[in-house]
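Sharing a structure, written as structure tokens. Questions coming.
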Amino acid sequence: MKLHVHTHLTRANFTLAVDCTLPLSGVTALFGRSGCGKTTLLRIISGLDPAANSRVAIEQTSGDITVWQDSRQFVPLHRRRIGMVFQEPSLLPHLSVRENLLFGFRRTPEAERHVTFDDAVNLLGITELVDRPVHALSGGQAQRVSLGRALLRNPQLLLLDEPLSALDTQTKREIMPFLSRLANDVDIPIILVTHAAEEVEQLADRVVFMHQGDIERIESLADAILRPDSPLFIDRGAASVLYGELGAVNAHGLQSFGNRDIQLWLQPTGVTQSPALQKQQKTRLRIMARDVSLALNPIPDVSIQNQLPATIDRIDSPEGGRVVVVCHLQDGQVILAEISPWAKAQLNLHVGQSIVVLVKAVALLN
Amino acid sequence: MKLHVHTHLTRANFTLAVDCTLPLSGVTALFGRSGCGKTTLLRIISGLDPAANSRVAIEQTSGDITVWQDSRQFVPLHRRRIGMVFQEPSLLPHLSVRENLLFGFRRTPEAERHVTFDDAVNLLGITELVDRPVHALSGGQAQRVSLGRALLRNPQLLLLDEPLSALDTQTKREIMPFLSRLANDVDIPIILVTHAAEEVEQLADRVVFMHQGDIERIESLADAILRPDSPLFIDRGAASVLYGELGAVNAHGLQSFGNRDIQLWLQPTGVTQSPALQKQQKTRLRIMARDVSLALNPIPDVSIQNQLPATIDRIDSPEGGRVVVVCHLQDGQVILAEISPWAKAQLNLHVGQSIVVLVKAVALLN
Amino acid sequence: QNLTVVAAASVRHAMQDIVASYQQQFPDDAIRIIFGASGGLTTQIINGAPFDLFFSADTALPQRLYDEGLTTGKPVVYAEGRLVLWSADLDASTLTLHDLTSPNIRRIAMAQPRTAPYGQRAQEALTNLGLWDVVEEKIVFGENISQAARMAEAGAAEIGLIALSLAVVPPLNDQPFQLIDRDLHAPLTQAFVITRRAASNPIAHRFADFIGTPEVTAILRQHGLHS
Amino acid sequence: MLSLSAAEWQAIGVTLKLCLYSTLILLVIATPLAWWLAQRRTKVRIIVQALVALPLVLPPTVLGFYLLLVLGPRGAIGSTLESIGLTHLAFSFTGILVASVIYSLPFAVQPLQEAFRQLGQRPTEVAAMLGAGPIDRFITVILPLTRGGFIIAATLSFAHTLGEFGVILMLGGSIPGETQVLSVLIYDHVESLNYAAAHRLSLLMLAFSFLTLFVVYSVNRRFEVSKL
Amino acid sequence: MLSLSAAEWQAIGVTLKLCLYSTLILLVIATPLAWWLAQRRTKVRIIVQALVALPLVLPPTVLGFYLLLVLGPRGAIGSTLESIGLTHLAFSFTGILVASVIYSLPFAVQPLQEAFRQLGQRPTEVAAMLGAGPIDRFITVILPLTRGGFIIAATLSFAHTLGEFGVILMLGGSIPGETQVLSVLIYDHVESLNYAAAHRLSLLMLAFSFLTLFVVYSVNRRFEVSKL
């Protein structure tokens, strides 16, 4: 399934200009700074803002195209089977929690009711809330009910505008796998607006980066994570990216990655094992500089298995007392290590020196 | 300054029972799962829910007590000089952004206007929004204006209910230091409700943990971070805590930590250097298991400087393919290491074995 | 000092002429006239209205004021009204009350017998002719006689049983009318009283005296208020 | 004390019928009109809104008179009706019903308009996204959320029709069983200084109205939606 | 065409004064009353709310009659006034002002009550937290946010007072320059079958009202608050 969106919307200080085709499978994260147009884009897709000159169409896997909006037609919202969680709490105030949850469910053909009331209520931990009036909910509870209501609509497309922002970590962790299953197993594509890199990492199959009303790029999660300058990880310090091929999983449950010259072992995850990646010749890993240590020689008898010979290209000392050492591996790829100034002194590190980089497996692809 | 709160409020399925004294200096984080009563507590403190049988009083550093509410008196809200950011966007819809921002400012005595309009607007990145009507704001923009409005009230106490939840990382990073400065330099105490561990880590001086209407405990940030089972880090895997004394900062800018038997070096931070901690005889470090590697022997010539001899007590293999090794150090303290099953096999680890634990300095106190 | 005269709506035109004529003789006497429904005016006088002279459309209401001691003397009859048949579309002069049964006449307008003397008398006339029960369902009631006249004038009622005093002034005077035999009903005598508050008002008495003059009688006759 | 005459019973019947019908019709007419008026204001909408309030400005008897001119056999509407074989509307229940509707229109339209305006877009958007079509949305979301406005519109319309007699008197001709309503009877009693009868009927009407309003407001309370 | 008689000019003056005064007084009285009624409903509130609507139920002339009984020299209030050296209220401008206020009270209270109820707590809470005291809050937050309700209350009250004549006629006695308002004059013209004069005055009143309403609604539009 694919989503075609073409729109050009102008407001006083803001222009949204989008012309893109989004693969609609799994979870698509919409990522961008506050005010960049994420909500606006969702509203155009959903038909809530039927901006002129817009075209919104769904292309089925079969190639059939359902046009939701173009210059000649406009499918009314209630015929679109979209589930939406608004950014603001938007429960219907005259209905109880139960009635809110069932509002869309009741209007869904029975054959389509894959997510049931009990499913949603249990998943979201709102069993005890169902008979309350909605004004007796806390902020996070209201957000969960909103999400449940959208899920129970059993939609063909889920548009979620920061649906987890008011939730505590534990609740989030309970809900995220469900969303993932919904997208991948039940095949309900999700477009998810979020500011949290963890949500993107754990849920998204691809990321749409928006910037001031433009779609800057659309990348697979792997690509998005691997870009050293990815906006996703702006707060996590320097990182480097290694190209290589994914290999088989060994007897110890680790998967190999690398090329003729370098080899790393990593913990298999959903991403590394996705059929798409398996088929790809080359794939990439993202390694946070702070997960990389340096040694003068290979170290036997240590639990850090990923040890690669490298040569120091540069030694940076950014502020904050940490030292970033830029090295290249045997195949020429660059890797960054973040160490303490004292370690630098002790090891007497200098440009051109041959060293060994130690990468904790756990740091890979996360 | 201290805040005394005593209240006992009963709702259909919820009871808030609080009787505590909060030191009101710097930032106090209110942390707890969705629906545990954080918003309710803030509303009682602010006087928005003047629950019966409640007592709210402010004790000045001088010892003077201002009673805001008890059985005999109730100071009306507008006399309390409290700044509040509500969980839901609550801008006054008939006013422009500028008028919203200035609403409280204009009602603040001139002598108290420490935060100026320009300060707030620049800090929050809303310069271009000031002349808009509030309905023309995105979710995050509205949240920033809300925050700005509360700041411009130049209050004696700031109550912030998830004020950064709708903001992107970059914006958050710009705002957090300001809040910190406000609390510590301008001396406006802040009570901050948040679900984000990073916000707590970066802002809070102490943490109030709430659970189902109770205050479970009130801890300094250091204590909160160091507890191995801290709810703050529920998503970051196993952790261990080491007790020791903080030493001086060495020539390389690292600070020593430990006791007669063990010694670690760590990157000094605001917390480690706080006068309070300096004076303390014993302090603690929190070490994530995944930042700890194991080696059979001490390793020379490696950038990981923290190497401590230890003995394996237990080897756990939780689900997910990772192995957690429980060891004790020479002084008997327990430390956890998370390694791959393969590493365990390669090193042939077994209970009772003497090994060396490697701790990346960067993992300390973070 | 001045004088406030209140008068039933049905004597409006005559009263305006009478006052005009009075003022020619006594130009210094300040007089204002207020018109209303007789019943309403009576209620108001009972409740302290600042009215000096009350010209009713009947004799019962002034009598009642007298009985309650609110007047300076007994009611004085100043006029007698007559009922007429009047129609906007038909030539009423060719019709009699018996013609009211004709199917051409769908609606008959008259005043409400409960409140208006003209309505009472019209009902009496119809009853005496044995027509009341026959035509009752065609009848529409005005709250007062002028409202009944308006219904007929608008053509909404094919015919009206209205006051002669209305049929002789615009806008009704361009259509012919048929006088109803005065023997078919009790007389439509109309009386006035001087209220107690005007007891010492010389103008009130002067005006009351003026009512008896031939000039006034002529004006009244002109307006179909034979006395 | 409350032994009523046949005429009074008849008047009660006519009155209730008139009030119920006109309230219902008003709600039916006023709802779409108010909805339309509640949308983004344009000059046309402002003009229509001002026009809607105009029936209030004329004294009822005068309004009744003009309606008699228009709805009677010679008037634009009355004559049209006659020409297509119907009867004109003067002196008929239909006529006073039309008049009551016109006269009370502002009381129905304005509260509804404000209720719709206050409602905002969000609830409708939510319901649409959840699969509710326009009528469904109206019944399940808009109606309950603007119930306060509807209650006000209905009670003001009902009470106003109950008390109004000027328009009805002029246009209705006070025909027993057809257009003679209670308010006219009470008026008659007062005019003919039959105060005892007037008091009795007034009291009856006040008591009935009070009870009705009390019940309506009590029921409304139970369904009231808490606002944040 | 619009050359008016002295009586008409006088009536225009009285009418405008009456409408303005009664609208202002209504807003002053209705605002706290509506505010009180908009709080959590209790039985007492429901009773008061039902009572407020009752003046509507009686025919205006009848209401005027009862007011005359109460405010006149023999009435409870009128006689009390007289006994303390003041004059009773019947047949005076003050009297018809009181009557208009009572008669139009429901039109002022009910829209305001609903506006306050719809407003909810949040804006007031916000303003209080930002340092605004009760009066400050009322002026800077509640008033602008419930302006729609105020406009409706004011226009309905104004228009209704403009058109009302039954109460005024009965209680005021149609005294020129004091209690004779335009609506009474128009009624009078119609009663005397002086249609030309009635048409002229009616047209004048409609035109004036239309213009007033148009201006009010236009200005209101400009300040309207967008709802989500």
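The chains carry the letters A, B, C, D and E, assigned in the order they are written, with residues numbered from 1 in each.
One rule holds in what follows: contacts are C-beta pairs under 8 Å (C-beta built on N, C-alpha and C of every residue); 3 or more make two chains touch, one makes a residue touch a chain.
Only a predicted model underlies this, so the values are computations on that prediction, with no experimental measurement involved.
*Asks:* Tell me the fewest steps from subunit C to subunit D, where a step is a jump to a chain it touches.
*Replies:* The fewest touching-chain steps linking subunit C to subunit D number 1.
*Asks:* By the touch criterion stated at the start, how many steps lie between subunit A and subunit C on the shortest route?
*Replies:* 2
*Asks:* Would you kindly say which chain has the C-alpha centre located farthest from the C-alpha centre of subunit D?
*Replies:* It is B whose centre lies farthest from that of subunit D.
*Asks:* From subunit A, which chain is the farthest off, judged by mean CA positions?
*Replies:* Farthest from subunit A by mean C-alpha position: C.
*Asks:* Measure off the straight-line distance from the CA centroid of subunit A to the CA centroid of subunit D, and report it in whole Å.
*Replies:* Going by mean C-alpha positions, subunit A sits 58 Å from subunit D.
*Asks:* Per the centroid of Cα atoms for each chain, what is the distance between subunit B and subunit C, given in Å?
*Replies:* Centre separation, subunit B to subunit C: 92 Å.
*Asks:* Hey, how far is the Cα centre of subunit B from the one of subunit D, in Å?
*Replies:* 61
*Asks:* Which integer distance in Å separates the CA centroid of subunit C from that of subunit E?
*Replies:* Roughly 35 Å separates the two chain centres.
*Asks:* Can you tell me which residues of subunit E touch two or more of the remaining chains?
*Replies:* 61, 65, 122, 190, 227-228
*Asks:* Which residues of subunit C are in contact with two or more other chains?
*Replies:* 40, 43, 147, 150 - these are the residues of subunit C that touch more than one other chain.
*Asks:* Touching two or more other chains, which residues of subunit B qualify?
*Replies:* Counting only residues that touch two or more other chains, subunit B contributes 88.
*Asks:* If I apply the definition of touch given earlier, which pairs of chains qualify?
*Replies:* Every pair of chains in contact is listed here: A-B, A-D, B-E, C-D, C-E, D-E.
*Asks:* Which residues, counting only subunit C, touch subunit D once they are in their complex?
*Replies:* Touch list, subunit C to subunit D: 37, 39-40, 42-43, 61, 64, 107, 109, 112, 114-115, 137, 139-143, 147, 150-151, 154-157.
*Asks:* So in the complex, which bits of subunit B are touching subunit E?
*Replies:* 46, 48, 76-78, 81-84, 86, 88, 90, 92-94, 103-104, 107-108, 133, 135, 149, 153
*Asks:* Going by the contact rule set out above, which residues of subunit D touch subunit C in the complex?
*Replies:* 61, 65, 68-69, 72-74, 78, 88, 90-91, 169-170, 172-175, 184, 187-193
*Asks:* Which residues of subunit C touch subunit E in the complex?
*Replies:* Touching subunit E: residues 4, 9, 12-13, 32, 34-36, 40, 43-44, 47-51, 144, 146-147, 149-150, 153, 166, 169-172 of subunit C.
*Asks:* So in the complex, the part of subunit A that touches subunit B is made up of which residues?
*Replies:* 11-13, 32-35, 38-40, 87-89, 128, 132, 136-141, 143-144, 161-162, 165-171, 173, 195, 197-198, 231, 234-235, 250, 252-254, 265, 267-268, 290-291, 293-297, 299-305, 321-322, 337-347, 358, 360-362
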